[in-house]
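These notes concern the structure reproduced below.
In this document, chain identifiers A, B, C, D, E and F correspond to the written order of the chains, with residue numbering beginning at 1 in each.
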Amino acid sequence: MSSLSNLLLPAVLFFALGVIARLIKSDLRFPPDLAKVLSIYLLMSIGLHGGYELAKADLMTAFSSIIWALILGFSLPIIGYLFLVFTRKVNPLDAAAISAHYGSVSAGTFLMAIAYLDNAAVKYETYPLIMLAVMESPAIVVGLLLAAKARQSLAAHEITSQLPPSSTLPANDQDKQQFGSLMREAFTNGSVVVLIGSMIIGAVSSPASMGKLFPFIDEIFMGVLCLFLFDMGMVAARRIGDFRQVGLLLCAFGILMPLVGGVVGACVGIYILDFSVGGATLVAVLGASASYIAVPPAMRLAIPEANPSFYLTLSLGITFPFNVVFGIPLYHALVQAMAN
Amino acid sequence: MIALYPQKLLNIITIDSMEDRLVESFHKYGASGYTILRARGEGASGLQADISGFDANIMVKVIVPEERLSAILESLERKILKGYHLTVFITDVQVMTPEKFAKPLSER
Amino acid sequence: MSSLSNLLLPAVLFFALGVIARLIKSDLRFPPDLAKVLSIYLLMSIGLHGGYELAKADLMTAFSSIIWALILGFSLPIIGYLFLVFTRKVNPLDAAAISAHYGSVSAGTFLMAIAYLDNAAVKYETYPLIMLAVMESPAIVVGLLLAAKARQSLAAHEITSQLPPSSTLPANDQDKQQFGSLMREAFTNGSVVVLIGSMIIGAVSSPASMGKLFPFIDEIFMGVLCLFLFDMGMVAARRIGDFRQVGLLLCAFGILMPLVGGVVGACVGIYILDFSVGGATLVAVLGASASYIAVPPAMRLAIPEANPSFYLTLSLGITFPFNVVFGIPLYHALVQAMAN
Amino acid sequence: MSSLSNLLLPAVLFFALGVIARLIKSDLRFPPDLAKVLSIYLLMSIGLHGGYELAKADLMTAFSSIIWALILGFSLPIIGYLFLVFTRKVNPLDAAAISAHYGSVSAGTFLMAIAYLDNAAVKYETYPLIMLAVMESPAIVVGLLLAAKARQSLAAHEITSQLPPSSTLPANDQDKQQFGSLMREAFTNGSVVVLIGSMIIGAVSSPASMGKLFPFIDEIFMGVLCLFLFDMGMVAARRIGDFRQVGLLLCAFGILMPLVGGVVGACVGIYILDFSVGGATLVAVLGASASYIAVPPAMRLAIPEANPSFYLTLSLGITFPFNVVFGIPLYHALVQAMAN
Amino acid sequence: MIALYPQKLLNIITIDSMEDRLVESFHKYGASGYTILRARGEGASGLQADISGFDANIMVKVIVPEERLSAILESLERKILKGYHLTVFITDVQVMTPEKFAKPLSER
Amino acid sequence: MIALYPQKLLNIITIDSMEDRLVESFHKYGASGYTILRARGEGASGLQADISGFDANIMVKVIVPEERLSAILESLERKILKGYHLTVFITDVQVMTPEKFAKPLSER
């Protein structure tokens, strides 16, 4: 029942409408820059809101939220990588690139989860918002390290003949420099700046001046989220079509991995961080969701040998729709069951 | 009649996130400038449809004296060997002010 | 008086401001993608609203609305075509392309009519919204059929010497394939997808979740409409300038045809569908308005021999401004007179 | 204290966030057309509001506001020019181009001042809004005249050898034609059209129809302003970096000149126009602010010999941030002191 | 020195709604890829000012081996004869990897 | 085989506010059309990054018969001497319909 009511949320329905529009080959096109504007607005809104709440937060809990966000961000890609390498369906470099996405998060999925909890009148803590900001980048670092390891092992096993020689050379100065710049890019990522910046502004601004912002950040929020998910539905559908290229087993990974991440996240949320059902559901969603904004371009630059249609199809075309439509009510039910 | 002088025009089509790396090498290898256009396209690495900004290409244009071309081309070849997808082509062009294209960005 | 109060509606005034900005050669430019975003928002808003109301609608009336929308959409272009061919001011292919626009509708004009009725506190039924969605595409089909007929008669009358031979060949496989793809495009047109999709979402969503959307779809609606008409005023003015190329008689068609369509629409609204004054006014507006979004690109592809500046000047530069400024209060007054 | 509370206004903080995002080399990019849309919205909103108020305004005061706006617009660039030529840090053509910016105004700074006054619950007259519209263009004319003078004196002093000969020829037909078109461009400038148009619409529309617009123009105003200043912070930061090229003395001008303009504006506001503290603060802000939208492209066309990085760095990179962060509370304090 | 090989660069400027039809023929006639840029312009069919997206052009670029050019050109000519407005021009270019442009999209 | 005829392609890269002036001279010197693309870039006059629309470039393309090229080039040279920053280059192109490019915009 909870799952059905989710399916009838306007935001989910608009997501579906976007998918359908592409499937019936409608000429509907959202301007290419719209998604960016909408996501800046959405991050700004939840950031301001969250920061305003966080001003009253418990420092200790905030701190352990950050630590556990880092732990999730570092460990989930490793789980994914081992699993992918074990199945031998993709080469180690592809495995590194794919799994990096699952350590990071999808703000769209997180926002959808908030809409879902609001609709079900479930309360939640604000700490998961900090975790959202924290988890955006570490997975990129893990992806790089896994790729370095993969390149070495490829070189060692002498199966490098298909790959151009230069890519297997030991890291030289230029590579280190590139690593440095990728690190900087990971941590100054646009979404992170908007989210953390807005949280700080929400925390330090006077209640009176925040009051003037609330109509903007509150009242039109749900409508903008619908528009955003409409747009993202079309983006996702563009990738769904590639799933044949990707193969069935890999597609299964795109559903299995969020389930693993969701369970791990739920455990962290309930047993370690001791959050309410709402808060723990959000942590589960952070664990389950895969990045489609920050990580893909980072992987394109960091692991150019990997095939982008693998990780884009998985994160955008499979995991994202799965989480939006089925995952969120599932994680919520799971957390409810675990909490009792 | 206005006198015209030969130069080379280097064109590169690739994904937008390559921009910083390309610009860096233009500075390094003595280009006097560059121009960037937002693009979409299709090729060996699939469709880059610029749907909601998620898969945009750029088209980059650099006018360089012939003698400075090969250093840049070699740096592009190194990138291609590493796995980056770059569509590269070169055209002969004629310019009115060859000195303009001989002055590296770094000496500005 | 009713007409004067229309002229002082902000939305109409912003439309006029857009026209003036172009006429005085201001460097004011709205970003090219803005109109698209605004119209997606507007269609989404009235769609959600309408769908929400329609959930309580009478199925029989909805069904006959659809039937009459189809009848209007198929018959108006034929009236226009016969008229244009009769005047001999344009060749048959141009006549086909022009008249197709008048069977379809302009969402901008419809929205302006809603703003007008709201301002005059006139109630209206929701069925015309379905008719708006239904009427977008059939006219394109009629345009194609008329063009096929025109090409045949041109070939028959042997006045084809000016036209390249290939265009007069009997429809071959490739042409049929093209016809099929144009049909698909007509019915999966972006505006139709947004409008029908939003209506369905509005109908199936729970009142609670719709409540969260209302600030977005209601409160800022009128402001966004003003911005949209401001933008469209500039678009229209860009075409007004071409009216000399088009000739006076053709321009007269751009005012006469909406009057004919308005009267036909008013009759259908009052006598057949038995709507209130507000509802019948909207049907009159549907009959009167000419498409400037869906039909022009379709005609460019389907009847490339026709001169685009004819149909663009007529629909965007003459009929659209005429309807927004004078037509709407006129049709309203007409319906009032007929209803008494 | 007043200054500190300004620093904690969300709008100022978002401006700072934009600056920081660039300084830490974040990959955050706002779509290039967003700033334009936001500023159209902002000008439309304050225009409608102002026009609505102005309907009740005193014609005499409105008239003298316009006269004094013109006087400020014509005299401030001359002060700036004399000063710059006196320091001999830039050539006369650069001096003309730079000083033109200071006779015009920055709508962003003006809006920030309104947010500041609203937050401090200070009332203000609506006349400064007319002055904002009036002052946009005259400075461009002064800039052209100063440049013509500069070119003559350069020719006379025979230091023209570095400059190409053609630029020092006496004004010929083509130049006059160009002057004419620049004049037209100055007075049909996009911002002016939106602002004056919206004011007229606000003045003539019925209260009922304006009521439907208020949620759009009022409630989300502050949020949109924050987003706009966020964006402008990144634009400003892009220029801050160039300050080394510009030199310290010229940078000092970028802070000194707004102070001069602010004092002159404050005097006009208090002693001549007899405004309240709020209104006079706004006039001071008009005097202090430098254009970064209308004037730079006009100078690029009118004085191509001038170095754009001088005037862009000064107006966008120095004066704008200075006014937003420090200037506004300063002018407010100044006016308060003078009013007592 | 990096070796360079000659290819043809086909350029087409037309209204944006022609895109699908052009892309279809690139697939059909064995192009290895294409690139699309958003454009505005003026010509025999008037002003295409891209005002509010209502009258935008596209500029399309296709690199093809000379031997595959004429099939595409003929399909363009057929379109022009039907009344479509296409501004077409061809440039000589040089590429680093000619094999890349010999592999049709359909064989990807 | 489709016959092809030589023409010149003039390219200009400059700031967007120059657009009206350039278009005016294309009308004046008998161009049959022009195409404009939005661009960004870097050169002697610094970075034009198109940040929030504040510093955009345009890339302008004009196909002209060789004999009409020099009048336009001279008008561009006059602008450059006045201080305007224009990056200009010319390419040889081949077209299918040379008559199209011989018909000035003014005679449309």
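Criterion: a residue touches a chain if its C-beta (ideal position, glycine included) is under 8 Å from a C-beta of that chain, and two chains touch if they have at least 3 such contacts.
Small disclaimer: the values here were computed from a predicted structure and weren't measured.
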Neighbours of chain F that also touch chain A are B, D
For the copies chain C and chain D, the interface residues, called same if over half of the numbers are used by both and different if under half, are different
Rounded to the nearest Å, the gap between Cα centres of chain A and chain D is 42
Cα centre of chain E to Cα centre of chain F, whole Å, reads 20
Between chain A and chain E, the Cα-mean centres are separated in Å by 38
Residue numbers in chain E touching two or more further chains are 37-38, 46, 91-92
Expected list for chain A, residues touching two or more other chains, is 29-30, 32-34, 36, 215, 219-220
Contact graph of the chains (line, ring, star, complete, other): other
Touching pairs here come out as A-B, A-C, A-D, B-E, B-F, C-D, C-E, D-F, E-F
Contacts from chain B onto chain A in the complex sit at residues 15, 17-18, 20-21, 45-46, 49-56, 78, 81-85
Seen from chain B, its contact residues with chain E in the complex are 11, 13, 37-44, 46, 57, 59, 70, 73-74, 76-77, 80, 87-92
Listed in rising order, chain A residues that touch chain C in their complex are 5, 8-10, 13-14, 17, 20-21, 24-34, 118-119, 215, 219-220, 222-224, 226-227, 230
Note: in the complex, chain C contacts chain E through residues 29-30, 32-36, 164-167, 231-232, 234-235, 238, 242, 292, 297, 300-301, 303-306, 308-309, 312, 316
Given the complex, residues on chain B that touch chain F span 1-2, 4, 7, 9, 23, 32-38, 61, 63, 91-97, 100, 103, 105, 108
